[in-house]
Each structure stands twice: as C-alpha cells, then as structure tokens.
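Naming follows writing order (A, B and C), and every chain is counted from residue 1.
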C-alpha cells in the first residue's frame, strides 16, 4: 500500500498529460477546419481518408489562405462511436481553436456533434450522416446538412421505383434506428405514390447470413425488395439474393448504396439495381475533371460524400472570404444567403432548417457490357429536382422553421 | 398447408438454412471444445483464426491463383502453423497458472489480429467466388437451395465426426486425452506430451481455418467476421458442456436450427435466443447438456 | 526515508493533483471521463482482484446504468442525483439476476457465462426503442445537483465527480479491510477451504458481484451526465475487455492499480485516436499480451514486489 501512491501520483500526472493537448491555442491566425468521420470501419471507404483528401483539394483550390490567414485541416476517427465524436469535437472547440467542423458518416455521431456545435456556437456541416432528424426535431442554427438524408433517399428510390412499375414492396430492414427510419420514410412515399407494402422483416445489424430473411421476402411475392440497410449488410444481402435466385423474381432497391459498394460487388451481381444518390462522378465534364484529380490521389473514384466534403468546404471558405471573418454567425449568415454552385450541386441553397437543398438522382446500375471503364457504373434514370427531394415545410419537425 | 401460420414451404426452407448455420456453429465450437477440453485454454483467438483462414483462402486465390480446393488444404496448414507459433511462444508459459490468463492472452491476440487486418483491408470486406463445381442451385421443391450450402452441411458433418472419432475412438485420441489429464504419467510412457499439446492447439486452429474457408463464399470476408460469431460460439460450447466434443457438435447443429426457426416466428429475438437457452440450461444443468462437472 | 511517510506524501500529492487539475490546464472533460472509468476499474477490481472472479461482461452494468440514468434525467425529468442513484440500483439489480445464474459455475465457466449474459443485455439495448439504438441516447442535461449546484459548469461537475470517486475509492478500501473482505480474500485464495470452514461461499460471492456491478453502474451514470449521452459502446464487450486490461495493467488486487490503469488506457486512447486509426486496437491487444506474459502484476504490483525485494536485501 505504501509506495503505491507515489507511483500513483506520478503515473496519474503522466497519463493525464498524455490525454491533454497542449495549452489552449486560439486560432487567431489560422482558419482551422476539422473533420470527424469513420476512418477505419464500415464507412471508411465512402468517406474516411478520401474525405480528408477532398477537403484538402478544396483548401488548395481556395488558395491555401484567405486574407493572409492560413487554412488548416485536422481530422479524427470517431470509430462510429458517438462518444468519441462528441468528445473530440468538444476538445477541438475548447482547446484547438477549430473554426468549422465537418461531420462524416454515422447518424449517431452527427447528432452528438450537432449538440456540441450548438453549445459552442460553431458551424457544423454534416456531409455523411443520414438521419433527417438533423434538420428535423434536432435542428440547430449551427448545423447544415449537406449531402443527403433518409427523406431524400425515400423520395428518390421509393417514389421513382413505384413510378417505373415497382408497385409492391417487401422491406429487409436493419434493426436499428437508421434502418427503421429509412423503412418508415420509404413506406410513406411508396404508399403516397400508389404502391403497396406487402411485408417486412428486420435483421440484426451486421448479420452474416441473410438467407432466411430473403426466403421470407421471396415468399411474399412482392416485386421489389427494399433494402433498408447499408454497408456490409447491403453487400451481403445482394450476394445472397443472387445466390438464392431472388433476383430472378424480385428487383432489388438499394436504399443506401454508394459507388464503393457497387465496386466491391461487381456489376454482374448488382446490375439493374435502383438507388438514389446525391452525386455521381461521371455525369458531366466538370464532375469528371474533379473526379480525376481525386483519382490521382486516392486511386479510386470519389463517392458522393467525398464530393460533398469538397463542396461544403469550398462554400464555407467562400463565405469566409466574402465576409472577411471566421466568426461563426457571420459566416453562417453569408452561407445561408448564397447559392451553392460547384461540382457537387448547381443552384443549391441552405434552408432555414439547415438543409442544403439540391438535386438528387435516381440511378440504375449498368450491366457489365454497357460499362465503358472502371467505375462507370450508373445510368441516371431521373433527376429529382431541388425542393421535391426533401422534407416539405408542411411536414417539418424543426421548431425553428414552422 | 401451414404450420403456425407459416406456409410449409417457408418453414422447411428455414429449417434447411438453420441446418447450414448449425453446421458452422458445430465446426467452430468443435475447435473450441477440442482446445478447451484437452488443453484447458479458452481460445478467444478462435474467431480471429477463423477470419485468418478465410483471408488465406482469399489471398491464395488473389495472389497465387490457387483455387478453393487448394485453399481447403492450405488454410488449415498456414493457420495451424500460426497456432504452433502462438502455442510455443506464448501459451506454453500459461498452463501452470490460472486459466483466465489464457483467456486474456488469446483475447489480446484476437485484438491484434483484428486490428492488423482492419488496417490492411478496411472493413468493407473481400469477395470470394463459389467454386465452379458447387455453383448453381437445386430445386428441392419447397425451396431453391444453392448447392454450395448443401456442401457446407456435408463438409462440416464430415469434419466434425471425423474429429470426434479421432479423439474418442482412436489410440492417438486416447493419448491426447490421457496426456492432458496426467501429463507426467503419459510422458513416462515415452509419449512426447508437449509436442502433442502443441499439435492439438494447431489442430484446433486448423479446424477454425477450415470453417473460415467454408464460410468465405457465403459471407463477406471481413476482419470482423470472427468477433461477430465468437461469442455465440462460446455460448454454444457452454450449452453443450465445455469439455464435450460431441456435445458441441450436436448443440451447434440444434442451435442453428432453433435460431433459424426463431427468425421465422420472432426475428427480433434471433440474436439473443442462443443466450436465453444458455441461461435456461445453466439453471437446470450447470455443467451443460453433455458436460461433466469439473 | 520511511516508506510510510513517503507513501502518505504520495497520497496527498495525488489528491492535490486531482484537485488542482482544472486550474492547471488539464482538460476537465478528459479528467472526468478518466475518473469515471477509474471508478469502473475499481469496481471491477473488487471482483477480480479481491474475490478472484473474472466477470467478462462487466460493461453491461455500466451500460445499463448509463441508459437508465440517461433516460430518467432526459425524458422523465429526474434530477441528477436521483437519476444517478436509480442507475446504480438498477445496475446492481441486473447484477443480482446475472449473478444468480452465473455463480453456480466457477473460474472460466463463470467468465463465459457472464460474457454471454452481457451479450444478451447488449442486444436488448440494441433493439429497445428508448435507447436510440445505434444513435445512442442523446441530449442528457446535467441539471442542478440537489436543485442547487449547476452541473452544466464543467468545473463544478468535475468536483462532484472527483468527490464521488474519492468516496468510492475509500469505500472499496473499507470493504476490502472489513471482515467481509477478509472472507472474500479467503475465497480467492482457496475456495474449498473457505467452504470447509463453513462459509456460505456463494452468498459472499454474490454480494461481491452485486456490489461490483452497482459501482460499475455508478460509473456509467456519472459518465452519462458528464458527456451528455449513453451509447451502445457503453455496453459493448470491447469495453468489458478494456476494463480487464485497465485492472491488469494497473495491478490486480491493489487499490491504486485500477485507477492508474484507467488513466493510462483512457489517456492512450485519447492520444492515439487521431494519430493511428485501427492500430489502437492492435496496441491494446499488444499491451494485453505483454501484460499477461510478462507483466502480470501490473504497474503497482511490480512496484510493490520491487519494494519487497529491496527490503529483503
């Protein structure tokens, strides 16, 4: 018991030092952008290090400095843990002088960071997370939801698939908040468009085997299998659907699918699948040019989220330049006044509830013979214009926007 | 025709799938039971070894062009060698002390393996194609069963009963069993017990690897595939009785089927049904269904 | 120099350091988090180090209390002290249920059973709507302690947490040195002999289990107030593994060990999080392996052993 406490004091001090960054630095001289995203887990490919790279491209394109103040980036891995994300965000605002926070994938982390940003009164641009609550009942004047949300996915894939003839639906849903929200939002849209929900089944998150759920889906005789899941679960579902011949009798509708998932699975298994996304690299000359710059650095084509990271950063920096300040309220006011015109969106704008309104795209995966080069995977079936893609004012749950 | 409100077709289909899953559970819990029953080590690294087996299969296809059948031989050899390494350098020192250290060591090893593979491969996972011979599906009338899944059932049963037979019915098996109960005596008969122990661990690891290769065409090969399964497999082993090889095999199969049925009638509970059964079994028979009270 | 005096100075130095922390630039949120996990590790050590029971799913109780307190304070409007109390009791009750099932088995089997039960609890939290599942239970306000102390102020919150930590620490010392604690020690050293002496060993073990899970719950409840949310990570088996490591690394069966272990691991994770990504898992794994093979006594244990050797020389 004796000498213990001596070592206790020393090691405590040492360990505490390990955990504490250097004395608080106020970034009077730099514009610091922080991104907290999943860098090592399920979503590392669709955002992750590529997202950081995209932001660096935006910083370079803005000249690297504004009015003499250097632009810096810091990044952290939240490992899909809301507590890690919130703690890191708080620490960055308190002690590192971060001026603007970008939120990567995972709704739980985004919600947590949104609260911290509101408390610290700093701008929080969410690019990767899906939950519409960020501009719904958890909306905040400091949070801007940039790329997509569950409502847009629902309106896109749900509405457009029904219009193309997919009237009867069966849902395979990841049994957690995100999956349930996606299923609810899509069901509402399908029914409003005249479709029917034949049934649904919930599967545990990270299930390794979907065969039994798919069997149930098949016996429902629905036309469309709506996959209200993401990442590895979606990939496994698609694999199994092919294996069990489900794809012969049902069409797959991916409610949250990124180009990296298609790349992982290959066109043979995914051809014909519908999905909604906010951006595709191969749409026009401008997007292609930017995508190739990204490709040089990352050796793969950018996902819509990575493009979103670039766009959010670009618009933020433009607003900083326009106002000549990095004061949060001034910059956000400027951003909300301006239109978003860049490689990510044309004619986009930020609404009172924090939603960045822009076009969404319903896409269908090409068959292997129609694909002209690697990563050329999609046909754009329909463009869902502007306001039509998002929560309408009549339905909003955001108290500030009623 | 309906059973409890579910059409017979769907019911039988789910039973079939449950049998496939059960085969995996049986194979994995077999390896665990072998290692625990004979060595007294709770091999938390078992999930990681399973995962490495799958990656070896993928890697040998990707980089060496070796097919599935070759992988079935190579993966257990490679992972078995890894097992030898682990046993010689690390586990050996822990036999004489409290078994929880063996558990903690293998837990740490699992973390290391998972972290390294995650760093290398990310979490999105790799694809592994079904071998040509086993492609396609057979229409059983009540469902379409991919041929590969039928193969999984057959292969698992072969491996499981082969292992059981070796341990319970052959002389080698009896040396193994005796050697772990009373090493000094067996050593006195001229049998090299430490080498036997080492090979046993390696064999357990090899079994995990075979399960990994079998799983590769079915599910995503990801660094997390082991940790997702391992705790369920532990529960299976506890239910079966931690020292009993036959117990693990049978329990694995039965639980796979029960889990499959739960997915039909009460899907939200399919994750926890194994643990609920474990709790019940422990109340009634603390040593597990086939276990011996130690 | 007289080691007793040296030790007393060290105790005081340590306490002074903790008291001064917010004023010398140590980030209070980090310190509070570390203190909560120090409580968790002390609770765990009571079971492992002093009773010899390895509970391999201890995070379940931290998570249970975290969610309970979070929900009560946020959605039912309870005041923080009642919320924390309720969380602690609910965790202890959960521990009682699990304990009743698990106590029948010993050693490794006990560990396996606790792990499986903890997994079940995890999956229940995953599905239950009130936890918010993967999103977590967010937006828990800190409120006013006893209606007076505004906990939203980080410094005030810090001293409250520190006070609770010191209380728990002293409580553990008291339990270990009590007659009850002596019996626990006897059970750890040689259970059959304790049985032969007429002790109802299962009763003692169960009580230790409930105490340990209750205190783990206390750590979880506090943590929820500090950070403002409860998430699935609070109940995940990887956290169960981490608390084992904290105790092992710091020194099982010592008082300061778990505290050191907690600070080290939390500090390490904080420091490495943005620098090395997946390698944090590898590093934790390596520390585990090294500890088990070569450093079983942990920091404090090794220090004590060294001191013993010096005395003999």
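The criterion applied here is as follows: a contact is a pair of C-beta atoms (placed from the backbone, for glycine too) under 8 Å apart; a residue touches a chain by one contact, two chains touch by 3 or more.
Since this is a predicted model, take the numbers as computed values, not measurements.
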Two chains share more C-beta contact pairs than any other pair here; which two are they? A-C
Among all other chains, pick the one whose mean CA position is farthest from the mean CA position of chain B. A
Nearest whole angstrom, what separates the Cα centre of chain B from the Cα centre of chain C? 33
Express in whole angstrom the distance between the two chain centres, defined as the mean CA positions of chain A and chain B. 37
Chain B residues touching 2+ other chains are 118-119, 268, 271
Among the residues of chain C, which ones contact at least 2 other chains? 123, 126-127, 277-278
Check each residue of chain A and list the ones that touch at least two other chains. 40, 175, 204
Chain A to chain C touching residues, read off their complex: 1-9, 11-13, 15-21, 23-24, 39-40, 74-77, 79, 81-84, 86-88, 90-91, 94-95, 106-108, 111-112, 115, 131, 138, 175-178, 204-205
As the complex stands, chain B meets chain C at residues 36, 40, 42, 90, 93-94, 98-101, 103-105, 107-116, 118-119, 231, 234-235, 237-238, 242, 268, 271-272, 275-276, 278-279, 282-283, 286
Using the touch rule from the top, collect the residues of chain A that touch chain B in their complex. 40-42, 44-45, 175, 201-204, 206, 208-209, 211-213, 215-216, 219, 231-232, 235-236, 239, 243-245, 260-261, 264-266
Which of the residues in chain B come into contact with chain A in the complex? 7, 9-10, 13-14, 17-18, 20-21, 118-119, 122-125, 127, 130, 137, 143-144, 146, 148-149, 215, 218-220, 222, 224-225, 228-229, 260, 263-264, 267-268, 270-271
Using the touch definition up top, name the residues of chain C that touch chain A in the complex. 3-4, 6-11, 13-14, 17-18, 21, 25-27, 29-31, 33-34, 123, 126-127, 132-136, 138-139, 227-229, 231, 233-234, 254-257, 259-260, 263-264, 266-268, 270-271, 273-274, 277-278, 299-300, 303-304, 307
